[in-house]
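These notes open a run of structures that come right after.
Shared between the two complexes below is subunit A, which pairs with subunit B and subunit C, respectively.
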Partner chain A sequence: MAKPMDRLETMPVSRRSRATRNAFRAWSLVVFAFLYVPIAFLVLFSFEDSRTPGLPFTGFTLDWYTSLPENSQLIGAVANSIVIAIIVAAVATLVGTMAAFPLVRGGIRWPNAARVAFTMPIMLPGILIGVGLVVFLAGTLDIQLSQLTVIAGHLVLTMPFVILIVAARLQGFDRRLEWAAADLGAGPATVIRRIVLPLIAPAILAAALISITLSIDEFVVTFFTVGSQLTLPIYIYTQIKFGVTPEVNAVATLVMVGTILALGLITLVATRGRRAGRAVVRRVRGGR
Partner chain B sequence: MPDDLPAIELVHATKRYGDTVALDDVSMRIAPGEFYCLLGPSGCGKTTTLNLIGGFVPLTSGELRIEGQQVNDLPPHKRNVNTVFQNYALFPHMSVARNVAFGLEMDGVKGPEVERRVDEYLELVGLLALKDRLPQQLSGGQQQRVALARALVKRPAVLLLDEPLGALDLKLRKQMQVELARIHRQVRTTFVFVTHDQGEALSMATRIAVMDAGRIAQEGTPQEIYYQPADRFVADFIGESNFVAGRPSQGTDGPVLELASGERVALPAATASLATGEEATVMVRPECVDVGLEPPPGPGWAVIRGRAIGVSFLGDLTRVTVVTAAGEVVASRPHAERSRAAALGSLLDEEVSVWWSTAESIVIRQG
Partner chain C sequence: MTAQAGGPVPGLPAEAHAGSRGAALGRLWPFGPAAAVLLFLFFIPLAIVFVYSFWTVQNLQLIPTWTLQNYLKFFQTDTYIRTFLKTIIMAVLVTAAGIGMAFPFAYFLARYVSTRWQRVLLLAVIIPFWSSYLVRVYAWQAILGEKGALNWLLMQVGLISEPLTIFLYNDVGVFIVLTYVYFPFAALSLYSSLEKFDFTQLTAAQDLGATPLRAMRRILLPQVRPGFITAMIFVFIPIIGEYLTPTLVGGTKGVLIGNLIVNFYRGGAFPAMAAASFIIAAFIILLLVLFRRYLQLDDVVTKL
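== the complex of A and B ==
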């Protein structure tokens, strides 16, 4: 086990650079406040008693949370979002993982150009993708906008992330492990199943979780491709048109908590996944 | 399997990577049960040779036979050959026991038989106690032994080892050399062992192929390679050598080598047929060379005069460097008793003679 690195003694500093340092420190606090104070108020107001959120705080209530399940429109939107996210994550992970292999392993022409082309949608503005999809799907192919078109739009967004994450993992993969497996009598399919997939599993899992998060949060592309259905971000948007309500604050707070949990899980999977996985395996084995 | 069938046979094997010729028309026959060493400097094609035999890269031309069967196009998982990779290539997500069991599972060996053989081979490499550890919880030497057990447990016809001791410190290395030799005697599998450490090759191999730039410079037993190097490259690469160049001619007591200074150095009688007048080089190992103020009297000695310019005390022996008309000659003398070290030490900056028995002279090709 790695020992935590000893904290390095800081170099001696002049009075002036100490002052500069303190100024930067203060500035970073301002930036943090700018980032998080609005969110803090969002969470705070989701517990606000009054129907019109605002200072001063009049009283604490959980009503906005407890009444959420009775809002059938909201529940429908959440269900829609979850179904879409799961399908998007499954397809993006599967296709993206398969696409990552030739990108890293060669066997295609111009791999670098291909990589840029595959990951370009990350850089493109969402509104461009949204308009493009509407023009293509509804305008050209004459397809009715529905959950399916939303899924198509989200795939455009999430697939590049899957490819990037899995390709990065494959890049560092020691091919000699595959040689060794083949050497010991494993055919190509067995090598993938027993050696490659288990070793890149943390990356695949992280990619799937990121896809889910991206899909649930996505507003712009969804807005263009959704038709008459509602997803969670679209629902929140429609509500907010009539002024911010405490229900929206509560929903937004829940979404935020969910996202933080998912991100935590991703980090855990990506950094500790293998170790944690092994610990579980050991425990299971030991228990037998 | 009849014993005269070679375990591995390369016939005019060539491997090119684009413009680089990694292996250039190499032929070799390795008999069953041999401990065959591929020895050579970096980039000479050792790993390429193993990768060809293992089936990880295809031959450009020529033929590869394993136990008499032509296997040029057989994928690795169908070859009766197993490899210990230079970096061990243990599966990091599997325990030691699972690593070793992997090959057996691929062969369709079932349950208790797998466990039994895994235990047997972990016992052989002395790691039974660590069978539930993961590879990264092992030291380098232990990982190496797991890699060995993993390959051996399949009882392959041939075991390929690519510098398996390269990453180990000297002590562990010596220990593993002994262990490998023991395992080889015990399992009687053909070993093809890659190294660029000549000491390792000399001490373990039954036969050595010295490689140079994609070709085999010489093939032979360790003693043949050491005492009868085919050319200057081999002589230089294996051990330390003194080279004395001159023109052969006929002296009063037999053939001699005439140096540029006019000095005449006796040659072995068997070399009388050397073309006179043409440049020739004689090689002699430093440990065969003696040094002193006066040479021993009588025939049978090759003698050159010179000046001792360096004396280094190395504990068990002293190396004396002498500048002669034929260039520097190094004498490496063991001290049977401690006064001998002092005597050799006193030679520094003296006019001395170096001499050796003419039987130790080897006439070699330039190369």
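== the complex of A and C ==
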């Protein structure tokens, strides 16, 4: 992969360029410290003995974790968040993937306007979406706020991401593969199922997983659209408002670990998928 | 095989028999559900907010009076306008700090790090970004709080004898935490621009007699400008609508316009809420229109 120039160029040629490079390296360390030190302390304090987390560290305990399963409010909030996220991801992925096709392949009169319209919910702050939804759903339509209204709110937020991710994948799609399949007698449905979907599957999966993560994490839109129910972020928020306790640190640590695992899964799926996608291409191209 | 002019050729790609109205519709329908979601859950709600911003409220009842009173009140009330201006200043400062931190970092990544490590380090930036927003804000309690690491460190060094409370529940805390929260946006946008830059151009410029700084200014900066503008937009705009960070680390002193909107909402002052919302929406849309040429949303989103 590396071009021969790369080595030459990154080779320090003078003392001065070496110093520059070391300064950059030091700065990157500062950046990573900035990114990770708060998280490290958050995790550390979740093991702290004392009721008010902080330094000096008084003693190590796992109590804050072991007592969590008994916290029915928390468990309910987590269950709520997971159900909402799964529904949101399913709908957003389906609807968004469908929309990506005409967006990339034409058929829409003003594709650029459509693109702008679809990116608007990402660009505008969530608070505006929340305000709009609560005014429209609860005010104008007189709908009771519930999980359903939360799902509606999350759908607006996640669908644009799905569209963008799948559209980016479709953009680089070699249409000749489809034409070849059609030439060989495959109907449109078969072409979609056997050629198109396997090739864009990694993008679809990544989009679904990103939708889940976004939904589980979403605070502001949920804050406006949720009724009396709790979601995980709303639960954590009310706890923090109540006061900083080691339990919150324990919950926060678990949330962090959970999302990092999800991220690992996304990366894994994406690379696996890319490989599988390449395999399809090889089969189609290499086969007779 | 040539006698099939007319009717659609079975299995030929859509383009081959496009043009007929039916075919156009056939390609358009997948767009329908998404368009409906967008229309009913985004555009119509925002339009209603706009309409409400001209109404008034009496005894918790909305009255369609069509007045500019809500907007006038917003711009005439000292606290409102001050909060609005403070929000903009905060957004400017955080954007500057975020880009200031992210540029040397992204530059280092794109220029000095092998492709393989670039991916690893980028992932290390994205991981905190994907871990819960709320948790990242909360994490700063552990640093800035009264029993936090910073106070402990300062006391250990002997600079202070009592824990300070000046780090949290004011604008300084909000600034630090917002910079933290939005740094990955800035880093990603700048990196996607720098990644495409051919750094041998800098060497070439210097070979031709330019000083390193001049080479940077004349060769590098013009080419990565889109990245800068994307970074600005991605950091600046969400901060305008920030609610959570000012609430959790700003306390009563670190209020931003998002808090104002929520306060209106809680107090049942829906027209005031609508007007304030629409003022920031208009402000943001204006910015987006001005900078639309530089927006590389796909670049950033697909890198997440």
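Basically, the second predicted complex is superposed on the first by the 263 of 288 C-alpha atoms of A that agree within 3 Å, B and C clash if a C-alpha of one lies under 4 Å from a C-alpha of the other, contacts with A are read in each partner's own complex, and residues count from 1 in each chain.
Here, a residue touches a chain if its C-beta (ideal position, glycine included) is under 8 Å from a C-beta of that chain, and two chains touch if they have at least 3 such contacts.
Since this is a predicted model, take the numbers as computed values, not measurements.
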item: Partner chain in contact with A:174 - subunit B first, subunit C second, else both or neither; value: first
item: Most subunit A residues touched (candidates subunit B, subunit C); value: C
item: First (subunit B), second (subunit C), both or neither touched by A:268; value: neither
item: Which of subunit B and subunit C A:183 touches, first, second, both or neither; value: both
item: Touched partner set for A:135, first subunit B, second subunit C, both or neither; value: second
item: Touching partner for A:68 - first (subunit B), second (subunit C), both, neither; value: neither
item: Overlap of the subunit B and subunit C footprints on subunit A, listed as residue numbers; value: 179, 182-183, 185-187
item: Subunit A residues within the subunit B interface of the complex; value: 174, 176-177, 179-187, 190, 194-195, 198-199, 274, 278, 285
item: Subunit C-touching residues of subunit A, taken from the complex the two chains share; value: 1-2, 5-6, 9-10, 21, 24-25, 27-28, 31-32, 34-39, 41-42, 44-45, 52-56, 94-96, 98-99, 101-103, 105-108, 114, 116-129, 131-137, 139-140, 152-153, 155-156, 159, 161, 163-165, 167-168, 175, 178-179, 182-183, 185-188, 210, 213, 216-217, 219-220, 223-224, 233, 236-237, 240-241, 244, 248-249, 252, 255-256, 259-260, 262-263, 267
item: Parts of subunit B lying in touch with subunit A, wherever the complex brings them together; value: 54-56, 75-78, 81-83, 85, 87, 89-93, 102-103, 106-107, 132, 134, 150-151, 154
item: Residue ranges of subunit C in contact with subunit A within the complex; value: 10-14, 24, 27-28, 30-31, 33-35, 37-38, 41-46, 48-49, 52, 62, 101-102, 104-105, 107-109, 111-112, 114-115, 121, 123-128, 130-136, 138-143, 145-149, 151-152, 180, 183, 187, 199-200, 203, 233, 237-238, 240-244, 248, 258, 261-262, 265, 270, 273-274, 277, 280-281, 284, 288, 292, 297-298, 301-302, 304
